[in-house]
Structures are given as structure tokens and as C-alpha cells.
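Heads up, there are several structures right after this.
After this come two complexes, each holding chain A, first together with chain B and then together with chain C.
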Partner chain A sequence: MRMVLFSHGLVPTRFLIILSHLSIAVLILWSRDQNVKSCLSLDYTDEEYLLQDKELVIGLSIALGLLGFELLGFLSGVTMFVPLTAMISIACHGSASILLTYFVLDEWDCHLYWWLFTFCSVLPAVTEAVTILRSLFLKN
Partner chain B sequence: MSESWKRTVTSVSDKLFPGLAFYHPYAEDGGLHLGNQIVSDLPLQMSLYFNIVFYPLWLVSSIVMLSLKYECLTSMYRFLVVTIFVFVIVVECLRLYLGYVGNLNERIPELAGFWMLSVLLQLPLQLFLFINENTLPQPLDRIMQLIMIIMLLIQLFTGFKALRTAARYQANRFHIMKFQLVSESKSDLDLRLKSE
Partner chain C sequence: MFDCTFLFVVVLYLNSFYFGIFAVLEFAMCVTKSIALPYPAGNIVSELLLLLFLSGVEGARILLGLKGNLLQKTLFLVLFVIFTAPSTLGVVYYLVWQTYVLKIDMLLCAIQLTFYGLEFLLSLFCIASLFRSIT
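Up next is the complex of A and B:
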């Protein structure tokens, strides 16, 4: 009953925030040329460029994968009505969206992305997985 | 006026979903409880709900992107894109309202209208905005449009299933009602059925 009371605001918020994180991550993946160039020193070689490019692609792809996993758990209904997971998800993805926007617009350094990745992509995915496991095992 | 519209939609939809024309919007059934099966479709309802939630964001981002790239479009495409946007915005509001109310209250004319609008109007227009290169779709445009199209496709498939289930349920109900007529009953439905 408590969960239904929360759901009127939490569920759409969580959905929209996950979608916004998704769209900004896909956006960076699509047009990452400028960001990669800002990671390197002024005189860069092609190998350095390719290395940084590959790192950023891997980071963004894993973030997108974790995001997809979380969206799946959310839409299938398993974690849709758990307020704690929803709050963590909203906080992490919200801050990720804002910081990733700064990442793109202010052309931050590439290694800052990995901090973003740990706190704002891995954390909600882990809480999601824990919630799913709890709901699977505590029911039995 | 709405009655004739409902009759037109029902008769057209009867070609696609047989059994739909047996639908009678009567609440009473003479005290006979004809089943408590819920025929609204959950995936359809969920996708409609999330579409309603997502729609304002899509609107804002599309209008901002259009205003940013307006000077770069050719004059023909300026006219085309603005017209298509106006259509899509209006049709989307109507379509989402019809689908949401239709599915929740199991009202078949609304559901049929929603499905027709989605297939005939919304699908081509959204695909045009997504695929055509001359409208200069930017990455953000593409992402928002892709999310809308995915939700539209989910609604098309689940809406078809929901409409078929609801029409079949109504047809079964009609058949059962015919067998369970009470001879002395004077309700509207029984008098009409007896006169047939």
C-alpha cells in the first residue's frame, strides 16, 4: 500500500531520468570527437587519439549496457515499486545527466569520466541487481 | 454527432477485428453477471502511460532543435517540417487520450480510433521525421524520435492484441446473453434481443 502511494511521482520521474541519462550518453558516444581531442595534449599522435577514443567508447558502452539492464529491471516491474531503489536511481542518474552535460559542453578531461562512471552508472546497476536478487530469493 | 462517429469507426474496424460490431455500451445486463474478466491490456497501458510522461520532453526538445536549425533548412522543408510538427503534436495528444481512456475503461470505439490514428497518421509522420535526411536530424533529434517510435511500435502491436481480445470478449458475452434471456424480462437489451 505504501508503495502505491509513492508510485504516482516516483515511477515517471525514474523513467524520465533514466531516459535522459541514456540520451546524453548516446549523444556523447555519437559525437565524441571534440571530447577525445580535449583529453590529449596539444601535439598528439594518431595512436594516442585512437587509444583515448577506444577508452571513451568502452566506458560509454558499458554505461549504456548497465543502463539498459536497469531499464529492463524497471520496466518488467520487479523494481518499479521499491522506493529505496528508485531514490538511489533518481539521485545517481540525475547527477550523471547534469555532469555529463558539463562533460560535453565544457570539454572536461577524459579521466574524469571514469569517476562519473563509477558513482553514477555502476551504483544504480548494483542496487538494481541487489533488489532483483532479494525479490527472487526472499519470496522463496 | 459522436454517436455517428462511433458507428462509423466501429463499422470500419469490424473489417479488421471481427466481432467488434456486437459491442453494446450498456452497463446493465438484467442482473446476470457475465464474467468478471478484465480485458484491458497491461503492456499497452504501461506504454501509453510512459508515452504520456515522455511526450512533453519530446515536444520541448523537438521545438528547440527546430528553432536552432531553422535557418539551415530549405524553404520547402521549412514549410514541410512545421506542418508535420503541428500535425504530429495534435494527433499525438488525441491518440494518447483515446488509447488511455479506451484501454482503461475497455471502451472499444476509443481503442479502435487510437489504433487507426497510430497506424495511419502517426507512423508515417514519425518515420518521416526520423529517416529523412533533408530535415537535418541532429543526434538529439534522432534519439528522441527513436524513443517515440519504439513506444509507438509497442503500442501498435499490443493495441492490436488488446483490441482483438476485447472484441472477442464482447462477442462471447453477446452469445451468452442470448442464451440467458429471461422470458419475462423487460429491460431494453432483452426487448431488443427478443425483437431480432
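Up next is the complex of A and C:
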């Protein structure tokens, strides 16, 4: 067990990259004011602001939930040693961390978040779910 | 019966990597803050020294945990639990009593404290199961 753990570079890489995505998502959730403003017109009303704000909060919360689900599947050991899932997860979450950093620093339009959400949060979560289902049903 | 040893080793192993990142980021942030913000005299030195001390304690702690679990030694695991206290205090310093606490500081410390809580519980389970196997 020790040898398997220590010879796998994929396991810690995946874990750290998931954590980096988690931290940047929480940081955006804490300070999202500028991003919300950048997808409104110059003369926005409070209602429009609240609507956009709610949209972004819902997106980020679902992303956090999906990350939690992935961490659960990972730490329980079901998908920890599946290389394909790990590679997909590393690619998606790694690009998500970099792009979300630019999302904050360059104050991207908040509609662009949904592209990131689809390809960087939903895609690895679906892969994770498929892997868990396969290991549940195909092993017997 | 749920096997706690596997989870304990995995969490310790991942924590060793996470702490590396944590220490590097804290160091980088100390440097950045010392450049960008006015510091009272001596604070930056004490914070960097505390980071060095924390790294030492953390390295010893994780080694004790891994070895104690591998060799099935209760003494190592008890020492592991005792060593958790100064590490927790060190991390809480960076979370609360630091000169300037950033949001990223709060987040990183919170994740590290979650690790400590998890490891504390799992090490207690491991000690209990070792005692049960002896008697």
C-alpha cells in the first residue's frame, strides 16, 4: 500500500490541484463585487445587480458542491488510483485555477464563468461519477 | 469494520504535500507583505522564525505518524497527538494573531486546521485499535 502511494505522482498532484480550484472558488465567492459589476451596463439598477450577483453565487456554490463530491470520491479511495480519471481531473482543475485567477485579476464578464463551470467543474465531476458507478457495478 | 489506518496514512501523506505548499505560500506572502505594507519592528522576523519552527514540528509530526502507524507503536502515535498541539497553535497564529491577515491566509489556515482535526480523530481511532489488538 505504501509503495503504491509513494510511487504515484498523480495522487498528490490531483489533490493539490483540486484544493487550488477550491481555494480560488472560495476567494471569488468572498470578493465577487467587481466581476458582477463588469457584466452590467454602466447605468445598472440594484435589481439587475442582485440578479447577476445571485447567478454568480449559485454557480460558485454548485462548483464547490461538485468539488466536495470529487474530494469525497477521491479520499474514500474509489477513484484514487484510476489514472484516466486523475488525468482528466488534473487537466480540468488546473486550467480552472489558472483561468479563474485571470477571471479575478482581469475582471472578466461574469457570463464567461459558465463556460469555465461547464468544462472545468461539471466535466471532471461527471467523469468521477462514471468511474464510481463503473467500480460499483462492474467489479461483481 | 472500517479500516482507519488506510485513511490515516493517506491523509498524512497528502498533508505532507499540502504543508509544503502552505509553507512556501506563507513565506511568499510574508515577503510580499513586508514589501507592500508597513511592519512594526521585529514582527516580520518573528513571523518568519515561527514559520521555520512550524516546518520543523510539522515534519517531525508527520514522520512520527507514518512510522508509528507502520511499526504499530502506540508511543509514536501518542507523541504524534502531543505534537499536534504546537502545530495547531502555530497555524492559529497565522489565522488570527498575524500582523496582517489576508483572505488567502484564512483559507489556507482553515484547510490546514481541517487536516489537523481529521488526523487527530483518525490517530485516536488507530491508538484504540492498537490497544484492542494487544489485549
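Criterion: the second predicted complex is superposed on the first by the 133 of 140 C-alpha atoms of A that agree within 3 Å, B and C clash if a C-alpha of one lies under 4 Å from a C-alpha of the other, contacts with A are read in each partner's own complex, and residues count from 1 in each chain.
Just so it is clear, a contact is a pair of C-beta atoms (placed from the backbone, for glycine too) under 8 Å apart; a residue touches a chain by one contact, two chains touch by 3 or more.
Note that this is a predicted model, so its numbers are computed, not measured.
Of the two partner chains placed by superposition, chain B and chain C are both touched by A:Pro12.
Touched residues of chain A were counted for both chain B and chain C, and C has more of them. Chain A uses residues 12, 15-16, 19, 23, 26-27, 30-31, 75 to touch chain B in one structure and chain C in the other. Every residue of chain A that touches chain C in the complex is listed here, in rising order: 1-2, 5-6, 11-12, 15-16, 19, 23, 26-27, 30-31, 75, 77, 80. Those residues of chain C that touch chain A in the shared complex are 6-7, 9-11, 13-14, 17-18, 21, 70, 103-104, 107-108, 111. In the complex of the two chains, the chain A residues touching chain B come out as 12, 15-16, 19-20, 22-23, 26-27, 30-31, 75.
On the side of chain B, the complex with chain A involves touching residues 46, 49-50, 53-54, 57, 139-140, 143-144, 147.
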